[in-house]
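Chain naming follows the written order as A, B, C and D, and within any one chain the residues start at number 1.
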Amino acid sequence: MLSPPIRRSRGLPKVAGLLGLALVASGCTVANSEYVTGGGADGLRIVLPQEPPTLEACQSSLTATGVVVRSNITEPLLERDPDSGELEPLLATEWEQTSPETWTFKLREGVTFTDGTPFDAEAAAFTIDRAVNSDLACEVEGYVFGDTDLEVEAVDETTLTVTSPEPDPILPLRLSFVEMVSTKTSTTEKVREPIGTGPYRVADWQAGQRLSLESNPGYWGEVPAYKNVNYVWRAEGSVRAAMVANGEADIATSLAPEDGAGELAVAYANNETTALRMQADQPPLDDIRIRQAVNYVIDRKLLAETLFEKLAQPAGELIPDGIVGYEPDEQIWPYDAARAKQLVDEARADGVPVDTEIRLIGRNAQFPRITETIEVIQGELAKAGLNVKIEMMDTNAQLEYQIRPFPKDTGPYLLMIMHGNQAGDAAFTLDQYMLAEGYQSSWGTAEFDQKIRAAEALVGQERQDAMAALWQYEQEEITQYAYIAHMSAIMAKSPNVSYRPNSASGDEMRLAEMSPVS
Amino acid sequence: MSATLETPLEAPRSQNPKLLTLLLKDKVATLAALVLCFVFLTAVFGPMLVAEQAREQNLLNANAEPFTLDGGWLNFLGTDPLGRSVLARLIVASRTTLSVAVPAVLLSLVIGSLIGMWAGYHRGRRETVVMRIADIILSFPSLLMAVVVLYIFSPSSANLVLVLAITRIPIYLRTARAESAELQSRLFVDAARTFGTKPTAIIFRHVLPIILPTLLTVATLDFCFVMLSESSLSFLGIGIQPPSVSWGLMVAQGRTYLQTAWWLSFFPGLAIVITTVSATVLASWARLATDPAQRWRLTLPRHKRGRKEVK
Amino acid sequence: MSNLLEVNDLTKTFDVKDGKLKALDGISLKLGKGETLGLVGESGCGKSTLARTLLMLEKPDAGTVRFDGTDPFALRGKQLLAWRRRVQMVFQDPYGSLNSRMTAGQIIAEPWKTHKHMYANSRDRAARVRELLHLVGLRPSDADRYPQEFSGGQRQRLGIARALALQPDVIICDEPVSALDLSVQAQVLNLLNDLQRQLQVSYVFISHDLSVVRHVADRVAVMYLGRVVEQGPTEAVFERPKHPYTAALMSAAPKLHQADRGERILLKGEIPSPLNPPSGCRFRTRCWKATDICASAAPPLVQDPESKDHGAECHHPMESPRQLALA
Amino acid sequence: MTGFLRRRAVTSLLPLIAVLLGVFFLARLTGDPANLYLPVSATPEQRQNFIEANGLDDSIWVQMWDYLGGVLTLDFGDSLRTGESAAAMALRAFPATLQLAFSTMLIAVVGAVVIGSWAAYRPNSVADRISSFLSMTAASVPDFWFAIVGVWIFAVSLGWLPTSGVTGGMASWVLPVATLVIRPLGVLTQVVRGAMVSALSAPYVRLARSKGAGDLRVVTHHALRNAAAPALTVAGDLMVGLINGAVVVETIFGWPGIGKLMIDSILGRDFAVLQACVLLTAVSIFVLNILIDIGYALLDARVREKVSA
């Protein structure tokens, strides 16, 4: 559906000839065989876009790290089912809220880390302390807990209590991000290879080349189907796709529609939502009419159908289906270029400096066709009468604009963001992106903050309804964002592997769910 | 003693018409010159005609196949993922491409050659210092320089020119220095010294004209290199920024579509190839044509040219 | 005849990889107006260095140069430029000394680009170029041609025309005909002689070819390993060489008349390295008359009794032409 | 020779320090890496801790002195990204790049000499024109284009080669080397051809021919040596480019070389690793330049011998 394998073109024979010449010159032709990303019959080969910088478990909120570590090398106390959204027991067998601030966890017995140390309440307390309360500045702390410190206590070998300063209805969900590590792990610095309880352990890491995992012989649960797993990394999407097509890898992640995976491509909704964040404190973006105009010029339907090849859904909120707080009847901003122009003209008539240059900032390779998307938006904004300049940045540069403290004297800018709520609850999104002082929010109102806080304190259906109602309010009263689309991801999968990707696969690819097709 | 014969002496002035006739005798070089003229004219006037069409998006007609007139003649070379005319974009891109490549090459050519000639002519410590500076620039990762310059200043064409020019200066510096060091020991340079000619004047009168053809050959090769570097910067996301468009950017952006829409990167790539091949052909012709000792070769039919010299 | 050029005790040493090379070791010469000084010696004896020093292409370590009473090395700016105009050079290699990218006219006119005052406008210059071409025996229409379109002799004429462009008082000719065919050599030498008569210009004429020197020079200086070992009026030196080295050179030179040929003196060995010249008399290692004293003391200047302007530095000067024949 | 080497080593020291300092300052102009390495929630205190822990709070001059002091004791600092020693990372990546660069250059030089001489031997023959046109074309096509097309043709469609990686034995070298070799081969072929054409018409070669030296002998013994000097210059410059990172090819083929490491550390604001990489490549480029100069001297001596003989 995505693309035919290869189309012979007029340009190709010439190139083929040249390359052939070079080939003959170097005197090697080798029959297609096992070129080894590893493995053999009971091995699985996965190609990622980048090498994990580290496998430190408390950094597994980093996509590149988490996709390898989470639930493969290490495991949390409990995990969220990406389909149902329910929390399911893992290293904890049961849990309950024993007081408004305190949750008590019953831990699984007979589990040991791969270094032989037993997993018990002591170890769980150690891990949570290390990840959340220490000075390590772990990613998981920032992403999941903010600046909240937790009080952890090992009551007995299998009982653990965790107390938060304020009542926290979703504390177990938060704790599902803390991957348990052995008590022998350093508390003063991050480690490169974690010792966990998962179905796999690190066998061999040849930095720059490949990472091999082997199954954990002492694993407490079901033995996974593949004994060995090899990860390699290639930055170029078409090469990743080619590796699966060529039988050098079994699974390739983060592909674009045009990468040429052909029939091997599997698309799946991945929890990510794209949006433009408007720096609403900077003129002319401080005028709501301009922010509305930005919203009017984005033809979300057309983008989803053409540029995103029907793999994305137009969005009216920052979280997708399946997350607590999702509003199923999304209000999609209609495309109305004339209205946008009219709004800009009105603002100009009122003395708003609409001719100020507005920067449209994107991050290179953040999602497939981001440059094209940004070019479309720039073109439409220009037609509406705004002066918009595209700036594509590398990650570090773009993060300076995305995360507080924002750089000073930037002038007005529109920032392309992509948010993936890995946690399953809108609270994470709201705290970061909606609160007036949120780490990734440029602006808000006290009233909106109050509504957010109130919704977050609720539980159950009330929580869902209160949160879902916030999105329309944001669109109408705040208009900090122009939501664009709920995205999908594409992976290429060899027909020899049985695996069904889910919305969490991009962040947590469970090897135990994969098996050979027999 | 005072013979006054009326013979025209303005030899250099009478050379230009001669060059043109020489050029017309060489079909390949003429073709190359025509192609270059065409490219330059396109770069100058093309954008006036099709700037609007190059911007015009039509997502419903994205990645349309080339070689059909169904979408109008502008879509004859297909459309890009935003449904813009590849042909119109090629035309608009020619200006950006040349306005980056030509100044970058000229800047590095002028600066590198001047310093190189100066160092080679004077030799000694000046030469050593200059060569070590060339080493510094050469061993400095141009990519880092690009990232830094484009980070601190915005990635505009001017800054791109700056980065590319700086990284290419050592090439001319080394070439010019080597040749100039050799030339400064020649007898006709000594002769000029005996007239009391100043070093600068000698460099411009005797050194420059002789090494200019070599430098120009290097420059045409570099012209190609600069376009490719610009493309590589785009590959890494720090080149020309859309909605501006250059051939290099088109190739880089189109590469991901090589299997589904080969025309996106093929045509701009072809434009780069044709332009640089033409420049190279013309440069090697000019090298012969401006060298009085070699010019006679151009008056021979092409297939005989080489034979004569090896017999 | 007053001396236009006087050189006293000129010394020039080069730093080379393996030590110090004494290219000039106490050279003293003089040249009168309208006179030709022949400078003879084997290659590597320092002739060219001397020429380059006289043209201020090299700076001497010690010794003085007096040109018309002034030291050119002390000159700066305009005065230096004015001096440059008065001393010109004709090079050995008529190929390398002409820039092959310039036409004959441009080459001849080149000096005026530096000495701008000499001709006010391009028409005057063009006229003067034609004159000069005519003067050296080329056609005015040759101005548009490139050096490689000329024969070797014609090129050397171009070189001479260029040297004449500044109307110099002295032209230093560094082996001006050695690269030419014999028949052409004579033409060029005659041209030089004619020009000297017409223009009263002085020549320093460097050559390893004695017959050529005899043909053009009024006085001759013989160089060996950076030092003038014998000098005097041409006839005196050729008739009665005092230094065994001069005698050996003479015997090696081809003679025009069969009868003039004496026995050839074959010098033994190579020229010693100038890096490490022999002590005492520098010629002693190859001299058949050498005795112990030659190794210990520098040879004295011996005057020719028949010509007081003719002398040689030798412990055992040649007595007479007869002795030459006997040796 | 040893004197020359010593002098070059000494005169190269200052430029190396200049390169090091240049990278040091330039890298720090690309922004504070805190955002990349700290969680979004990082408090001002955590930011301060991070900055202090990495010595980024000192004045840039103090940082510079610390760094230079470290370099003198061969301590290049640790990577922000991986926590490993920066020097170890750079040294691990460098051989991969060197192997790639040397094999590329070897093929390019041999190929260019053969094709260039052959073309120059009969200038403007059909063979000459074809090889000239191909070499010009080859020199002007972007390498990533060749790489991606090559992967699809030779790995996917034909199945002859692995797409990428270094673990496939000899076969995995073919595509990266073939991609890299195209431009140097094209450029060098043109240089060799040009130099050979003029060398073959030089007087002493004509002399050798007139003395009855065989064609092959003339080419190999006389002309080629003379043509070697310009080829050496260009090959040196191309080699510098290869050592300084075949970034694009390394990125596409997942080749764990210094170019990839450099771009990753630039994008990751991993200053210590970047500095180690640059110093390593700079040193090798300086060594390369010295080798080239020695090559010139040798060539020069031989050419002179030939001419005078």
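Here is the rule we use: a residue touches a chain if its C-beta (ideal position, glycine included) is under 8 Å from a C-beta of that chain, and two chains touch if they have at least 3 such contacts.
Here's who's who by UniProt: B, D = ABC transporter permease; C = Dipeptide ABC transporter ATP-binding protein.
Since the model is a prediction, treat every value here as computed from it, not as a measurement.
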Fill in the blank from the handout: Chains in contact with subunit A and also with subunit C, listed by label, are B
Completion exercise
Of all chains shown, smallest offset between own Cα centre and global Cα centre goes to D
Problem - Top chain pair, ranked by how many C-beta pairs fall in contact - result: A-D
Exercise for the section: Among all other chains, pick the one whose mean CA position is farthest from the mean CA position of subunit D. Expected result: C
Fill in the blank from the handout: Chain-centre distance (mean CA atoms) for subunit B and subunit C, in whole Å, is 49
Fill in the blank from the handout: Expressed in whole Å, how far the mean CA point of subunit B lies from that of subunit D is 22
Practice task
Round to the nearest whole Å and give the separation of the Cα centres of subunit A and subunit B.
Solution key: 45
Completion exercise
dist(centroid_CA(subunit A), centroid_CA(subunit D)) in Å evaluates to 37
Practice task
Give me the residues of subunit D that touch two or more other chains.
Solution key: 30-31, 148-149, 152
Exercise for the section: Provide the list of subunit C residues touching at least two other chains, using ranges where the numbers run on. Expected result: none
Completion exercise
subunit B touches at least 2 other chains through residues 147, 151, 255, 258-259, 269
Problem - Touching chain combinations (by label order) - result: A-B, A-D, B-C, B-D
Practice task
Report the residues of subunit D in contact with subunit A in the complex, numbered from low to high.
Solution key: 30-33, 35-43, 46, 49-50, 81-84, 89, 92-93, 96, 107, 111, 134, 138, 146, 148-157, 159-174, 177-178, 181-182, 185, 251-254, 256, 260-261, 267-269
Fill in the blank from the handout: Within their complex, subunit D touches subunit B through residues 11-12, 14-15, 18-19, 22-23, 26-27, 29-31, 121-125, 128, 133, 136-137, 139-145, 148-149, 152, 183, 187, 190, 194, 197, 200-201, 209, 233, 237, 240, 244-245, 247-248, 262-263, 266, 274, 277-278, 281-282, 285-286, 289
Problem - subunit B residues within the subunit C interface of the complex - result: 1-5, 7-9, 11-12, 14, 186-188, 190-198, 201, 205-206, 209-210, 290-293
Problem - Contact footprint of subunit B on subunit A as seen in their complex - result: 3-7, 9, 11-12, 237-238, 256, 258-260, 299, 302-303, 306-307, 364-365, 369, 371-372, 374-376, 378-379, 390-392, 394, 397
Practice task
Report the residues of subunit A in contact with subunit D in the complex, numbered from low to high.
Solution key: 5-6, 12, 15-16, 18-19, 22-23, 25-26, 28-32, 35-38, 53-54, 61, 135, 137-143, 145-147, 189-190, 192, 207-210, 232-236, 238-239, 242-243, 245-246, 248, 260, 394-397, 399-400, 402-403, 432, 439-440
